[in-house]
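Multiple structures follow.
After this come two complexes, each holding chain A, first together with chain B and then together with chain C.
For the complex of A and B:
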């Protein structure tokens, strides 16, 4: 507990506030279009909220970036604890930002808050899981840019190529809305599992390829 | 003397390339130099011993702790200092703030004691006067010393330094040598370097690596002795030499197997290093 307290201020200073601020601003700008357009309906509001959540997820892809990663590679404070603290510090900001995004959508056309929040939560967790995987699988100290690119590409490809029977991006009036949100729940659980698996530093490496001489 | 580090059969590969191949060694108190060409496996060995990356095979202990278990790794890290090849920083932190941050990560939670320790290590690397300066405003040599200070926090019993003098000017290198020599008093230091002069001046022992394996393990004098009777001067470049170059006096210094009647000269540590690599089948000209 004392360790966490001592780490609060320095970790707060090392968080990627610029990336989060930019992503948050873009996201709010996107959602504000729901107020600026006369013909806005629930479907448009839903898609604007989805786009805004994606924008903020791109900012979250930078949360685990640490330029001092290699300098602090051999410290006793465990990596999952350090990552958890970073995420815990960003969580209230994320919650406040998402609340603001929801409030920007006029009451009459706001999609079901719980379901759309589930979608956003899954997108945010996916971005963090991808960042965690990048740190586990590579030596990059600041993989945020690559992770954000991968998250964006995955979102676009998912939108275009996702099989119809497992559809995720459906409208509120669509009869598949409830089923789609069961799937969003599974995406969220999957992202949490990936995050949990990639968090700890391994004690042993797994051998997949037969080595040759250097 | 009980070894600080005891490693047996360490192996590690990246993709299909074996970076470490059955490496065994014991390290005792004092500065041990690790020499080798690029891609020899020096950094990989240092990262494994610093617990920054696990090995595929083999085992080792540091100060009696086995980093193959979560608890053992934690214990090792409490008593270890690590300066990576390219240390990274939070550039907006001051030197004091950054070392303080590392000290917290090293579990020094008592604020007063921690700040005293941070001041001590910054003074030890002669950065006491600039401790309030932001890291982005410091020179490359000063940043290297900030990283060294961070590695010295908590007075670790085992210090791993990966090419700390690379990119430094001669004056900074001299200063760094002094710091490393001081750090080596009373603790075990493993120093990876390309500078044979660093090894000659600092180390009581030298290990040469090539192709992921240890090719030599002995004292600097023993490494120099590898080239005894295998260095000679000649008026022209000797085509039979493994390596040869014109010296400042205009004559050629040759390393290899001398012809009969050659004008033999005293070898240096570098000659011994080059011939060790050559004996290991490494292209000497490229080393």
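For the complex of A and C:
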């Protein structure tokens, strides 16, 4: 616990605040269109919130970047604890940002808050899970750029190619809304599982992908 | 003894200060890496799959090339965004791997390396051009293709990829952080993909985006489209060049006079293109649109086939044979004078709103004139057959559109009995794709209405052997086509036992 306290300030300083700030700013800029245009409807507001959540998820892809990764592998505080500390520090910022994004959407056209938050939470967790998988499977110290690219590619391809049987991106008036959000819940759980599996430092160095030096 | 005098070796220039071979070598290397990055590979794969999927039944196999050229523009946006992301990461690679210092000892300056990265986008754009050519060529080679494609519209795809690639390099040179490009891509995605349905902005600003959609699915003759395609292609090319030269300027080439001059020139071209493409529809095109809408006979050419006249806009001249086949199919089943009635099939359209809006056509009031639109294939064929049958039974299109009695059965049977799958065609021409109950029947002009009773009779007739019904139709032709004949009477004449309600139209 003392160790965690001692880690607090250095981790706070090394978090990628610039990436998070830029992502948050772009996200809020996108959502603010809901107030700026006159003909905004619920569907547009929903899509704006989704685009903003994607933007912030791209920022979160950089959160687990640690240039000192190879030297901290041997310290007594394990990687899950260090990653958890990073995420715990970012979580309040994320919550505040998401609240601001939701409040930017005018009252009348705001989609159901709980369900949209589930979608955003799934996207955020997916980005973090992808980052931890990249760290686990490669030797890259700062995989954030590749992870952001992967998350973005996944999002675009998912939007274009996701099979209609397991629809995820539905409108609020769609009768499949509830079923789609059960699936979003599954995505969230899956992302948490991947993150949990990829969290610990491997006992033996096994490199699955080509090592890239940072 | 004499010394052997050797000729002095000619001076050879050992060191060349020309960095361009190195620039091209780096560009080739970067181009190979760019084309094999995962986002670009996936982008091209999805793009190719999209092309194949779209081409299967595009325009029901009867494409108009002035529409097919526009249909090539959406897919390259995806490739362009992938290239933006990948080229941005490529420029930032030396920063990420901390090899920037090593490059300073090379003959190439930062500006030359920027230029090499810009050139590395060109093969991706060329590959896109090949895909666009393939997509367009596929449609152009179909036997039912007609019209003219516009090079300006076809160039939009590859030029979009070039401009996005240049933007990726510029972003990397201005903001040297790895998180900028993904965020920019999200912003572009949102701008181009999500907002396309949110109402098309009027005026000149809408032409500033790379791909400009149209609100209408109508096909117009290519000289009535009125889109500034060539100016837009110039604008896109100049915009890409401006961004590229700006990237070179920012990336260390600020001093080079040629780059400065080029940048100013490209900027001027961009402004010229932006102004020229925003001029709106010219008065000649507006006049031509009005003439084609109100007085089509002034621009159409007519041909005589099997005793009927077929008048089409020049680009559709080759399609009159298809129309004649559909007319012959219907007329062969008709009886009385209608069997040999000479018809005037005239192509009509409402081009006054260009591609910004759809307008319904009024039915023709001239006796024995049938209207045909600009699209063909698929559902358009039974719709045209229904119009022909309506004119044969009632005399003109306007009366056929107001039909509300037993003659509707004769019209629909004539229209559909000659088709290879009559019940399927019946389903297709009805708005709700049903084969029972009352429904609206689509047509080029005013839609027709079928009551539930009429639907039952027509379906039962279509299920019977055609020749038997045709004989009964010919025998009873006069009574079947007389006004005010009830559906119940028609069913009795044609030997169909069905519960038929009263004829009433809403």
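As a working rule, the second predicted complex is superposed on the first by the 203 of 214 C-alpha atoms of A that agree within 3 Å, B and C clash if a C-alpha of one lies under 4 Å from a C-alpha of the other, contacts with A are read in each partner's own complex, and residues count from 1 in each chain.
In this text, contacts are C-beta pairs under 8 Å (C-beta built on N, C-alpha and C of every residue); 3 or more make two chains touch, one makes a residue touch a chain.
All values reported here derive from a predicted model rather than from experimental measurement.
Colleague: For A:92, is the partner it touches chain B (first), chain C (second), both, or none of the two (neither)?
Modeller: Neither chain B nor chain C is touched by A:92.
Colleague: For A:6, decide between first (touching chain B), second (touching chain C), both and neither.
Modeller: First partner only, chain B.
Colleague: I'd like to know which partner A:114 touches here: chain B for first, chain C for second, both or neither.
Modeller: neither
Colleague: Would you please give the residues of chain A that touch chain B in one complex and also touch chain C in the other complex?
Modeller: Touching chain B and chain C on chain A: residues 213-214.
Colleague: State the interface residues of chain A toward chain C in the complex, per the touch definition above.
Modeller: Those in contact with chain C are residues 16, 18-19, 22-23, 26, 29-30, 37, 39, 44, 47-48, 51, 54-55, 58-59, 62, 142, 144-146, 148-153, 156-157, 160-161, 213-214.
Colleague: For chain A, which residues are in contact with chain B within the complex?
Modeller: Its residues touching chain B are 2-3, 6-7, 10, 13-14, 66-78, 82, 141, 202-205, 207, 209-214.
Colleague: Which residues of chain B touch chain A in the complex?
Modeller: Chain B reaches chain A through residues 11-13, 15-19, 21, 39, 41, 47, 50-56, 67-70, 73-74, 77-78, 80, 82-93, 97-98, 100-102, 104-107, 109, 111, 114, 147, 150, 160, 211-212.
Colleague: For the complex, give me every residue of chain C touching chain A.
Modeller: 38-39, 42, 46, 78, 81-82, 85-86, 89, 92, 96-97, 177-180, 182-183, 185-187, 189-190, 194, 198-199
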